[in-house]
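Here chain A shows up in two complexes: once beside chain B, once beside chain C.
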Partner chain A sequence: MTTPLLEAENLTVQYETANGMLTAVSDASFTINTSEYFGLVGESGCGKSTITKAALGGLDDNGRITAGKIRYKGEEIQDYTEKEFNEKLRWKEISWIPQGSMNSLDPLQRISEQAAMIARVHTDLSKDEAVERLREMFDIVGLPKERVTDYPHQFSGGMQQRAVIALALFLRPSLLIADEPTTALDVIMQDQVFKYLNEIKQDGEIGMLLITHDISLVFESCDRMSVMHAGQISETGTVETIYEEPHHPYTILLKEAFPDLRYPDRELGIIEGNPPQNMGEVDYCTFVDRCPWAVPECQEQAPSLEPVGGDEDHPVSCFRREEVLEEYRAENETVAQTGGDQ
Partner chain B sequence: MSRVRYVAFRSVQTVVLLFLILTFLFFFFRMLPGSYADLMAFQGANEATVEAMQEKWGLNDPLYVQYFRYVTNLLTGDAGSSLQFRIPVWDFVKMKIFNSLLLVGPAITVGYIFGTLIGGFLGNRRGSKEEKYGLIPLILTGSFPSFVTAIMFIIVFAGWLNLVPTSGMFGFSNPYNSSEFAWWRPYLTKDFAIHYALPFLTIVARYTYLPALVMRTNVVEVLGQDFFYYHRMTGLPGEQQLKRLMNHAILPVVTLYPISMTRAIGGLVVIEMVFNWPGIGYALVQAVFARDFPVVQFVFFLVATFVVVGNFAVDILYGYIDPRVSVDNN
Partner chain C sequence: MTENAGPVLETQNLEKYFDQSTSIIDTLLRRENEKVQAVDGVSIALDSNESQGVIGESGCGKTTLLKTLMGLYQPTNGKILFKGNDTAEFGRKDWKEFRRNVQIIFQDPFDSLDPKLTIRETLEEPLKIHNISNVDERIVDILEQVELNPPEKYLDRFPRQMSGGELQRVSIARALILEPEVILADEPVSMLDVSTQASILNLLSELVDELDVSMFYISHDLSTVSYVCDRINVMYLGRIVESAPTSELLEDPQHPYSQALIDAVPIPDPKYNRGYTTLEGDVQNPVGIGDGCRFRDRCPDRMDVCEQTPKFIDVESDDDRKVACHLYYDHPQHTETAHTDEEQQEPEVSAQ
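And now, the complex of A and B:
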């Protein structure tokens, strides 16, 4: 088996707050293979962004990886110093499209200047070579080449977003972490950006960790995915598996909450309740309060990711992983029948 | 609007503004109760003498005639004569302005440099003990009235330690302070340096606080900005990050500096009085008491010019250091 590109193993990240240790991510595991597009979906505040920050060594001052490991190309990076992150990983290997792309470019620098500065830090490229590469990337993301020397304020929001994507790609990293790369864009722009990201994918060479709360985006553009809720990963698998055969209650309900083009009149499901704030050690399933299939065991112990139906590539963290989907389908058939009578 | 057109437009604006200020000053000071003639009469000059003098100086002419004469003379570089000293205004004020500039200019500059460095340092250590308590000494020295700081300095350095003289600009024994030497020669002596030290320190103490406070706040703000986190994530090493940080945080200080510097040309009255420094601030107060209008008007006009032109210069400069306010492309 080849070494995965990025691997999280039983990763736990906690933030120190006035009320104690807040567990943002607990016991999360997933792997991203070389040149694979991997989606990570989940509700707001479920720890998606915290995972990206941990992988880039950019956790807030009060955040810490308290357990588990992150490996990049087989090397453990969770204890890297800021200097090691700078010299070994950031931008050369792992680049990042931030959530708030609109405010991410330095307003006092021309974009070409910022690119030249990044290139000078990480590579032997001359200023002209760096800017030339940025020009190529501008072309790919659909920005006029000659505008690399513009200041960020001369760009619209969508253009800034694409400039940030160009900056993330111009040093040809092996892994791109895209944290809600298109949240600020309208659907047409969103579509274009993903068109570019898919084009880049054709060339191979690059893997992506796509963080989003838009599950359909992941179904459309990724190979494999994980679903998160309140700090725990509920289910991992290929997008086809998750789409066709979701086994975790959260995934089932989440899918139900998204409109389906084929059944435009279907009533959307609602996941009742609010995500919990997990303080201290998490020794329970964080979905238990909202789960219609919960059993007492869910309160007593945190479920770990175990293969469902013997499929090693489809781990689910639920004690009732083998039964829930069937129960759900049986119930819905009754609903469909009674619904048909009206 | 192109840069050239913008500069041309602002220049015309500046000239018009200065003319309005000049006009305002001329009439404003004539509305003050009392005149130089009244003062002379009060001091016992006989009526005929005063009347003859009024006539000779043209003070009996209608106000608009005086005004027209004043403006046309000023355009030819003649600001009139001091009523008190009977010498051209420029000759009277030039050395005093020089003395003020020499003291206040470098002192405020040094205060700003210190303040910027201290504020930048403290802001960069946000959340630490240094950041929490570091500003307290500055707030103390900065909020003391200048004369209190000045008097404390005099007590300690001139009194107890007896290191420097209490006041003045030169001692009686300065050998170069005579007409045999060039006017600048006495300034290059140790005698001048020791007289310079205390007022200089007083001003530095006063003007370190504001830039330090502004700088600390800015640094903390920039540290919290998305683009700064992005810089960090792109893998910029610490010193480069610091450079970007300072580049941003210093912008508001750049705007404040010229505003403080206008104090240099107007003089710092209180400090000049406490240290008996022969600067323009002190001279201005005396001129106002003497109703010496030509001097007062000229100095105020000079200060106004400095402020207006200074702001103009900052506007232009700002276009270079912050592309967002550039006049091009907009």
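And now, the complex of A and C:
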């Protein structure tokens, strides 16, 4: 088996707060393969951004990885120092498109200057080489090449977002982490950005970790995905598997809650309650209070990610993973027959 | 005010222009800056018990439209009619009556509730202002209606003790407690998570059906609007470019912009091959943009005639729909620009 590009193994991340240790990510495991687009979906506060920060050594001062491992191309990186992250990984191996990219460009520097600085810190490219590469990237993301010397304010929001993508790509990293890359954009602009991300994918040279709350973006643009709820990974699989055979109660309900433009008359599913705040060790399923299929066991210990139906590529963290989907379908049979057919 | 059987709330050719900031040099040279044409000739009519959506991208003027409807901005031109009465002629008493009957739900529940008032106080305030009795009873009723059960549990809470979904329910309760005739909702679910969003959307659409209330629902997100609204108006740069019943708009959009907007919405199905947008560029700034179709610079079907402002005409074969696009009518050497809906003519090309 080939080495995965990025691998998280039983990862736990905690933040130190005035009320004790807050567990943002609990026992999370997933792998991203080379040149694969991988989506991580969950509600706000579920720990998805924390995972990306942990992978880049960018956790806030009060946060740290308290257990588990992160491997990049087989090498453990969870104990890397700031210097190691800078020399080995950031920008040239793993680059990051942050949430709200408009605010992540330096307003006082031309884009080309920013690129030159990144290249100087992380590689031994000359300034001209760096700018030339940025020009190529501008072309790929659909911006006019000659505008590399513009200042950020000369671009519109969507163009700034694409400029950030160009910066994230120009050192040819193997992994692109995109944290809600289009949340601040309008739908047409969002579509333009994903059009370019999809074109870049065709070259097969880069993998992406896409963090979003929008499950339809993941379904459209990713190969595999994980669903997260309050720090725990609920389910992982190919997008087709998750779409057709979701086995975790949260995945099932999340899918039903999502509006689909094709069926405006369909009743939207509702997930009761709110995700909990996890303090200290998480020894329960974090979805238990919202789950219609919960059993006492769910309160007593945390379910681990186990293959469902013997499929190693489809792990689900639910004690009742083999029966919930069937129960759900039986309950909703009448609905499905009368129009919710998908 | 007099009663009348027509639309509850109606705008006729409504315009709202803003001045740009003028520097001292401009003032000295008596230079007039061009106006920002935020809302530019909008005519819509909301019938009782109807819910209409206005969708468009950020900057298209939808929030300005809402604020002008609410009376927070003075219209530059055009009329707002509430039950057939022109709001420009309203006196103090009429305005008070208007504000009781037209309520608003804001986008961000964290920002639009007073952090120092308990939920009871928040809901009490409008009742006091309008001298309505049986306050406690009404508050409990309305909390039950927005499904905050049991109401007693929430009455003495402060906004900081509640989640976003619960707060948005309080906002809805605050809007409904005066039993208004019209609700104006400005992106009420865009700050919420998907699981909460679904419950708020369901609640809104139930309440609109149950209670005697009409709603204008403003959003950039077509997929949520379509769950709540009977009719959708598509807005682009200050103008309504298309207006149609929800299902008809989604199935068969006429205006090239509506088509692009609908095509760009992601579909939660990995097998559905939607294809990406072919539209390039960005929305213009609505500053001094003069005449002509607002969408022409980005439009795949652009023609010479698009330099003229298209009429907002009925769609052939369906008088329930309107579209402002030159593709849909003949142009016998006419030059005038108009927003009026004159008699319909044959469409010369059918789009796609």
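Just so it is clear, the second predicted complex is superposed on the first by the 331 of 342 C-alpha atoms of A that agree within 3 Å, B and C clash if a C-alpha of one lies under 4 Å from a C-alpha of the other, contacts with A are read in each partner's own complex, and residues count from 1 in each chain.
Methods note: a contact is a pair of C-beta atoms (placed from the backbone, for glycine too) under 8 Å apart; a residue touches a chain by one contact, two chains touch by 3 or more.
Predicted model, so just to flag it, every value in this text is computed and none were measured.
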| item | value |
| --- | --- |
| Clash-or-fit label for the pair chain B, chain C on chain A | fit |
| First, second, both or neither for A:80, with chain B first and chain C second | neither |
| Chain B versus chain C, judged by how many residues of chain A each one touches | C |
| Which of chain B and chain C A:158 touches, first, second, both or neither | second |
| First, second, both or neither for A:293, with chain B first and chain C second | neither |
| Closest Cα approach, chain C to chain B, once both complexes are overlaid on chain A (Å) | 9 |
| Set intersection of chain A contacts, chain C complex versus chain B complex | none |
| Chain C-facing residues of chain A, complex | 43-44, 142, 156, 158-159, 186-192, 194-195, 198, 213-217, 219-220, 239-240, 243, 253-255, 257-262, 264-265, 267-271, 274, 342 |
| Residues of chain C that touch chain A when the two form their complex | 57-58, 163, 165, 193-199, 201-202, 220-224, 226-227, 246-247, 250, 260-272, 274, 276-277, 279-280, 282-283 |
| Chain A-touching residues of chain B, taken from the complex the two chains share | 127, 225-227, 229-238, 240, 244, 247-248, 321-324, 329 |
| Touching residues (chain side chain A, partner chain B) in the complex | 56, 58, 61, 82-83, 85-87, 89-92, 95-96, 98, 100, 103-108, 110, 117-118, 121-122, 151, 153-154, 167 |
